[in-house]
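Structures follow.
What follows is a pair of complexes built around subunit A, which joins subunit B in one and subunit C in the other.
The block that comes next holds the complex of A and B.
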């Protein structure tokens, strides 16, 4: 019988108090990402292992040939499956989607599929008859906050890394035949990835609530503390000129305690792919703009890392430059 | 007390484990098997978990040696007499007899039952504590069985009937550690050879600590910054050898003092 994790009053009070002193529990600065590690499978194409701090996500991209939808004969299929198993955290139940899980799959769907990261028209083989169905399976292995960020990075990197088998079409008219060449026979073909979306989640803490959270308990000795805290905070506010603490890449503990969040997906073309805001906290225009700017910066950094890792993987696979020589698009 | 890394299926070096201490007894060496070791009769012992093979020798008669495989992972399984850190999430019962529902994070049985009479000085209904939801309690598991389902908790020292550090915790901060580390922190001094991270920290800075076997610790100290530093030190120390651990702890605490 798994339950939602309930943060205690102690954690709530402490985190808010620490944030007014501009301290995070893992000693990061407010806009600092956790250590990000991306690694690719050495045997298969399109299998990515992403570690964001203690959060760990594996994405696997696969492709098969199917019939396109009748109303979209020129488009291939692209499906992202994000089912969270109890392996990630005991709060997730197998086979039953929690609200959090729905939000996560929705954001990933919006970030990658609906932003057109993968050109589905390029997946068409014979219009109305045959197309590629690309499938991204996301497995959440460990949950320490930032599941959607890690999943988005994993799928983006997976799409870049994936290679589908080369195909040729023979014959004319209704007697056309599709020949699939196994990857042992011909160099497989990369997918047409148009841009690399990277999702960044910002967590908002209303540090003014720090005092109200304490005064929520009606004890005399604590009431005295509140007065002192209030005085301190007012001084803080004058310095910072804001009562909102904005944290990048929250841990699970921070996620449970935050008052609001915003997920921004951006790419290196400085495009915002999607914005999703949750929680019951209103956010200023200024904060929204600065978050978008910060998201673009993170996207640039993460994309750089993905490309670096891809290059390393390529170098490891491509011994003696044979893959380049044998590419399908070369002249024969 | 000795320990070495062992993998499932490895042979257990029984001779070195038992040593010569027990040979002088009349009945021959007595070995008790702890978790992670499978006994295939008549005399095959097989480790079935990866971890450190740990032996505890009882020097007082009857002499015996306990061997088990110590791992730091896994989910906490409640056991009677374990101390845990939980959060009050509800209350039920009438005024005469009411119970708190306590969530035990990281536990295989996630909810414990704490009677409002299971506190020190709780004989009268007027002296019983009134805990609101979200309160953190340090409690002892007084009864648990798989059939019972929910562990029963108590918040007083069993021997003295007094508070003894149990009950509501105020201030400070909670943090997660592995259940292996929680076990090590609670072990008697020197059981794992040499001083622990708590000893190293205690030399540098005054602080309060409560360790729950369910892999949670509670820390309170002079400031937010210091509490964060102490938590970081304890979490990081788990994966460091002893010499490096003390150095690292000193560095973290000094870093927190500087600013």
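The block that comes next holds the complex of A and C.
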């Protein structure tokens, strides 16, 4: 079994020391996202390549016609598959789910599927008989922290970009037939996306280095105080809040060293779709609330970028304005 | 069903007759399984019932569990097939249960004074006997009590409570029917301050509604902390009187 990555002690102290001086190793400010690059496949609908710094995720949306579940005859199917292969990082094993992978897949599931980003009722074709099954396959190509943030952006953008083939239903009663028109024949239809969830992960660092924020002082702390001095004293007297450094969009190194994290999924309607603060470092409620608010700001920024890229992609595809003229809903 | 039952009546009463800020009937007992484990507790919150057994700190059974500078905690949650209306055997690999295990484990890895027991392990076994909403909170509360019974030093009580938001009304400590009807969050606090160890929200909610929900669940957590503290003190006193310390 490949071992988990463990940063050295010297790396740990260096990063923490830098954080106390409000410096991140990649010279970003605490609330700054890495460079986000979203690009769509030029040939296919629903294939998105998201690069968040050096993290790279590809999502592919596909749809096929199947039978709905018997207990939900009016709902289509929506499946998100997030399997992390060793391609992303050597710590991930093929076939076996690690704890990180479980957390990532659950958060993406909650962020997008349970928050109702895709209206599954619109996927119904004939109730109880036929419906669309939309599938999102997420491939993690490179891991430099923030896998779930990148994956969430990729799936959200993919759903917006995807077009399913147009269909018509012919006949009545039990002799109804569904005709699927190939993309070459009719302009494909976009999915009913109700909102665009964006997941943002905040990393907490206890800059006082205590193993737990409530304990005040632990053995490690005291040992440190012996060789360090006044800088520490001032920190101690400040308010509790200041002992927590909150970082947005951590790199892999910061992720491995952080004392706690919270991932918040928000959208531009000022809704919070999901919050997951793991049990690690206890943090004041106020900090958590301000993180949630910050998540909304990030969501707005990211959604703006997604829409911009979508528009660019549409302009590239829509040569001679044919896509608009050939739409099914136009007058004939 | 929803048409006959009112989740929150205009008079301000919920389906089980509580007001918005009342927690369900809370009963707990510690040292319930003195032979089989080092620490044990039973928690009942309304109709949700959880049993917790703690074994440890002991020498790790596996080499891979040895952490040189701190104790390693592992959590197992067993959900009894008879705990809900539909009798279904859930496998240990259910992703919801696994997620619950990992979040409980992370909570207690930072609540226990871990560096006092290097190269040792603590096993926490939780049995969900009956579920009527708030399973995660009951599991966390039960683990706290069982760890106290086992004599594992902790920084403070870890207490969890849920709060939901129905339209504009905050409801504290939801039962199963309420849980399925509204967005809710589970919060675990440590001690009687504003320190949040765990926060989980699974459904979409307006940002403005978040703060009242968090405030309500925090007060619920503190209330549960007092209830658990009473029980622990009562138990300690009775043991002192029996002279069986």
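By our rule, the second predicted complex is superposed on the first by the 301 of 332 C-alpha atoms of A that agree within 3 Å, B and C clash if a C-alpha of one lies under 4 Å from a C-alpha of the other, contacts with A are read in each partner's own complex, and residues count from 1 in each chain.
Keep in mind that, in the parts below, contacts are C-beta pairs under 8 Å (C-beta built on N, C-alpha and C of every residue); 3 or more make two chains touch, one makes a residue touch a chain.
It should be emphasised that the depicted structure is a prediction, and the values quoted were computed from it without experimental measurement.
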Pick one for A:102: touches subunit B only (first), subunit C only (second), both, or neither. second
Identify which of subunit B and subunit C touches the larger number of residues of subunit A. C
Considering only the touch criterion stated at the top, classify A:271 as touching first (subunit B), second (subunit C), both, or neither. second
Considering only the touch criterion stated at the top, classify A:17 as touching first (subunit B), second (subunit C), both, or neither. first
Is A:282 touching the first partner subunit B, the second partner subunit C, both, or neither of them? second
Regarding the shared-chain residue A:311, is it in contact with subunit B (first), subunit C (second), both, or neither? neither
Regarding the shared-chain residue A:176, is it in contact with subunit B (first), subunit C (second), both, or neither? neither
Is A:25 touching anything from subunit B or subunit C once the two structures are fitted on A? First, second, both or neither. first
Of all the subunit A residues, which ones make contact with subunit B and with subunit C? none
Interface residues, subunit C side, partner subunit A - complex: 95-96, 98-99, 102-111, 113-115, 155-156, 185, 188-191, 193-208, 210-211, 214-215, 218
How about subunit B: which of its residues touch subunit A in the complex? 75, 87, 89, 103, 105, 110-111, 132, 134-136, 169-176, 218, 224-225, 227-229, 231-232
For a test of understanding, state which residues of subunit A touch subunit C in their complex under the given definition. 99, 102-103, 105-106, 110, 114-116, 211-215, 218-220, 260, 262, 266, 270-286, 288-289, 292-293, 296
Which residues, counting only subunit A, touch subunit B once they are in their complex? 1-3, 5-14, 17-18, 21, 23-27, 90, 217, 253
